[in-house]
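What follows is a set of structures to go through.
The two complexes that follow have subunit A in common; it is paired with subunit B in the first and with subunit C in the second.
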Partner chain A sequence: MGEIARILRTHLFHGVAVGLVVASLSFVVVNLTRGDTALEIAIARHGTALTNEALVEQIRIEEKLDQSLWIQYTRWIGHAFTFDLGRSLVSKEKVADLLWYHFRHTLVLSVAAMLISLVIALPWGIFCGIFPGGSFDNISGLVSSALVAVPHFVTGILLILALSIKLQWLPVAGFFTSRHLILPAATLGIGLAAFSSRVVATAIVDVRGALFYQFARMKGLAEARVLLGHGIKNASIPVITFIGLQTAHLLDGVVVVETLFAWPGIGKLILDSILARDIPVVQGAGLLIGLMYVAVNASVDLICIVLDPCRRDPEAIR
Partner chain B sequence: MKVMAYIPESSRLQVATGAFILLSVALLSMIGPHLTPDPSTQNLSSVFADPSSEYLLGSDHLGRSVAARLVRGGANSLFNTLLCVIGSVLIGVFLGLFSGWYGGFIDATIMRLVDITMSFPGILLALLIAGLIGGGQIAVVGALTITGWPDYCRITRAITQNVKSRPYVEAGVLAGFSGRFILRKYIFIEILPQIAVLATLGFGRTILNISSLGFLGIGLAPPEPEWGAMIAESLPYLRQSPYLVLAPAAAVSITVFSFLLVGQPLARALKK
Partner chain C sequence: MNEILLNINNLSISSMPEHKTLVGSVSFSVRRGEPFTLIGETGCGKTLIAQALTGVLAKDLSATGSIEFDGPNLVGLSGKERRKLWGRRMFLLPQEPRLALNPTMRVIKQVSEVLRYLRGQQPKNALKNAGTLISDLGMSSSRDGRHYPFRLSGGMNQRILLAIALATPAEFIVADEPTKGLDADLRDSAVRLLQNLVEQGKTLLCITHDLAVARDLGGNIAVMYGGYIVESGPAEKVLDSPVHPYTQGLIKASPENGMEPIPEHVLSSMKTAWNSSGSRQMEACL
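Up next, the complex of A and B:
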């Protein structure tokens, strides 16, 4: 039990830290470096032509930007911790509603990308792991390095060129049908598969070298039987840990891929609101992405404890 | 070549190839801008020109020389990446040495800082900082330095803690050597190769991040060229002249790939 409590405590700390950093950072940076926030909101809402001084003053009072910075900051933090995310400065929609709408799209995209990556990476990695050091394994290593080196937006553009423009199979961008999902999900999935196939391969090599595995082989069990019965479960621990790290990679790629394919997810939302200086939305989206990351890491740690009895109580083993 | 001795026979060709490409990219970016026309001069009467003696690699939608923008963009990306990596390494090694050597409260504080920085996924933190500041060289370099240091800090701390408990270091302390002398002569030399390898891989990652930020529109102020921004600018013309997008895309990918070619065998060799 002690181990689980420790994990939850660590991740709770991360969650709170992420919240504080997002809230403070956006506030401090905006107030230190930007010009008149009220003026910018006015321009964002009404356009440059219609903006005049009276309008700016009206917005300043409406959004309580005339109060001292310290008061604004405490209100800011207080709201962030009570999950009162406020309203968008530009569209005046509730931030929570915006987040929910965009979050669903990101969730669909991420799950699809994860599935695609596993479908590619598992067979690829397992095959490389069974024949390590062979020519297929060596070439796979180079191919996955090459895939890692290609930025997500380039993979996406190459897919658009091949599948949408040359072959005209799939739509270029948008989010109306499931056909629109294929290209962005494949873009993210291929990038992930490049990483995770190597992790799967290493995990399989390690497991096949372990004493219990050798023993099972020596007592006459067939390779396939040992691999399925003992190998996969034991190899899954590093792989699952890695999926947690992958989520970081995924959330990273999500901003770029959603922008490229005009997919209305959380990544596109955060970029658009950063460019429009819509601070409540930036805060909300930053908080959500940060918390998603922390939550995934926490669940990965917990799943590993379930799979690996050794980690439940490290003291007992010694 | 002393360095080559550490690399296993089977990956020497790979490292040499990577190093050769990197040298060529660096040379092109350093010499190229002096040989090509100004990368920002527009010529609206010759947009989307085919390669010719005037436009070595053709021209873009504003009639600017693609060759000139490519080499200048490379110079910008490489220089900014260098700044980021140097900054991250300095901060990381300095804090890591402190943390590992003194332990206690200092260690706990620095490690919490590392935790917080690392609890953000990927470039999100950099995007928040650089984007909210409004882009520009200082914003991008600063943001990527702030997000880049924890890796170096953690490895430095781990090595320092490990070396600190060895008998010859204890002997040094007993002999009355100053803390700074021991850090420099005993510990720093252990850290150096690890950091060098980590920085090689970090270089590649930083180029990727800089070009991602450039692609998202948070980078150097236009018209200053940058690989990621060039891709975003030419994206609307993907259908008629895909080449305008593919050239900078190839430049980013090849450069990052070469860093991996060099870095990965070195990292494997160090682990053994």
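Up next, the complex of A and C:
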């Protein structure tokens, strides 16, 4: 499969390029932030009461913050390429370990959110696609526009109010049992579902209008057979491409949702690290998210290649 | 068994809000197991007849008259009742083979699913029999059959459509412009494939603008112009000694005969005749 190798090669190249850009940008952004980094670290480590000038100077030398930015930058890039992300300035833990711990939680949350969104969006979108322009489809369009427009923190707070505080079905926040996963995952999943259901509906309308779909009916196949055999696979190609793009939306959402629900994922790690001026962690997390995008794009391309035979051999398309 | 499979009587097709007649009062009948060719220029209404016949007429068009298919009248049949005929009793071969085939399904599967779901064959047998149908049409079932439509040429995709037509239990096949966009060699082989359909016992209604196709298929033909049948009869008779001036013009206009344009006075005289008979449909063609 030459095409698969080509895709992997392209995305590997993208990964390196994105890594370099993201590593540089996160370094620049962190260093553009106003205030004395050494002072902030001293406060984060020892508290405001114990922080004095001698301590701040000691930290500045220990963490090599007194060196020129250029030297700090080359050191960071060099280490990043050997996957040595350094240690947290605050907790002194290895950044790679911190990232892995939080990344696992984000992964669980994202996958759960994605599953919830698919469980809602697929039947919803397919139904709208089969009866386009009907009253259900029209109302769905309104509802999904409204849901897309509502920010995550509003959805989240409403869900907490309704399901945790009023009905007391689910815990408000934390990450101890799988029940803790439901609210944050639903908060993200509902927003995603609103968008995906429209994409699914459009894909179904398109495929049902295709000549081959009409022809499958003419062959005498039952309507369900036509949808299963000739509709779903063809409609899933644009849907999967879109879901890949949506993962970007998801990574935006996790910062808010993880903070709201005290979910120890990568989004919460970034926010906490930014507040604590934990430069290596912020930079490492930025890099990880950048590489995540590349990985998601690569997976989408690979899935589409499996689904769509045309893409396996692009030169054969006239 | 009834010898006439299809009997079309005074079939008119008009566009709905404007009540503009597109096909006016067409009558012909097709005998079981024989080919019938409807011939005419683009826009003369022959495809509309095929659509009315198979029940895929656009929503804003309406048909009146009768289409008796093995007895019952199809005009006014509900979509559901139409659907029961598709693939089982009648089958429409579409104009564009590549677009008619599912781009993400191997072509052999597109043949075998018909055997599987309409003839109740086991998946394995269906696949094997589909392979036989494909190789009978001069393709390799193991190589070409495993391809997706985009890897096959237009002619090969058309053979796959014919294999599907043969796989269905449908006895009546409507072929809409089966030679459209094909060069002379491919056209000849397409005609042979259609003849093959007839040899296998199917009744064929072929819709074409190509006189050579009509001649090679034989059987009866009807020449259409402007939504009306101007002349009909056995192919040989109509094509060798045409009576109607339009048919004479059409034959002279074919590439073999020097592509002489149909004389303007022939067309205008027909237009006057029909206008006086109260039809306003000629604009569709002119």
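To be clear about the criterion, the second predicted complex is superposed on the first by the 300 of 318 C-alpha atoms of A that agree within 3 Å, B and C clash if a C-alpha of one lies under 4 Å from a C-alpha of the other, contacts with A are read in each partner's own complex, and residues count from 1 in each chain.
One rule holds for everything that comes next: a residue touches a chain if its C-beta (ideal position, glycine included) is under 8 Å from a C-beta of that chain, and two chains touch if they have at least 3 such contacts.
Please read these numbers as outputs of a predicted model, since none were measured by experiment.
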item	value
Subunit C versus subunit B on the shared subunit A, clash or fit after superposition	fit
Which superposed partner A:Leu221 touches (first subunit B, second subunit C, both, neither)	second
Touched subunit A residues, subunit B compared with subunit C	B
First (subunit B), second (subunit C), both or neither touched by A:Leu307	second
First (subunit B), second (subunit C), both or neither touched by A:His14	first
Partner chain(s) touched by A:Leu161 [first = subunit B, second = subunit C, both, neither]	first
Subunit B and subunit C, minimum CA distance [Å, superposed model]	19
Where subunit A meets both subunit C and subunit B, residue numbers	none
Subunit A - residues contacting subunit C, complex	210-212, 214-222, 225, 229-230, 233-234, 237, 307-310, 313, 316-317
Residue ranges of subunit C touching subunit A (in the complex, touch as defined)	54, 56, 83, 86-88, 91-92, 94, 96, 99-105, 113-114, 117-118, 148, 150-151, 164, 168, 170
Interface residues, subunit A side, partner subunit B - complex	13-14, 17-18, 21-22, 25-26, 29-30, 33-34, 145-146, 148-154, 157-158, 160-161, 165, 247-249, 251-253, 255-256, 259-260, 270-271, 274-275, 277, 282, 286, 289-290, 293-294, 297
Subunit A-touching residues of subunit B, taken from the complex the two chains share	112, 115-116, 119-125, 127-129, 131-134, 204, 208, 211-212, 215-218, 228, 231, 235, 238-239, 242, 245-246, 249, 252-254, 256-257, 259-261, 264
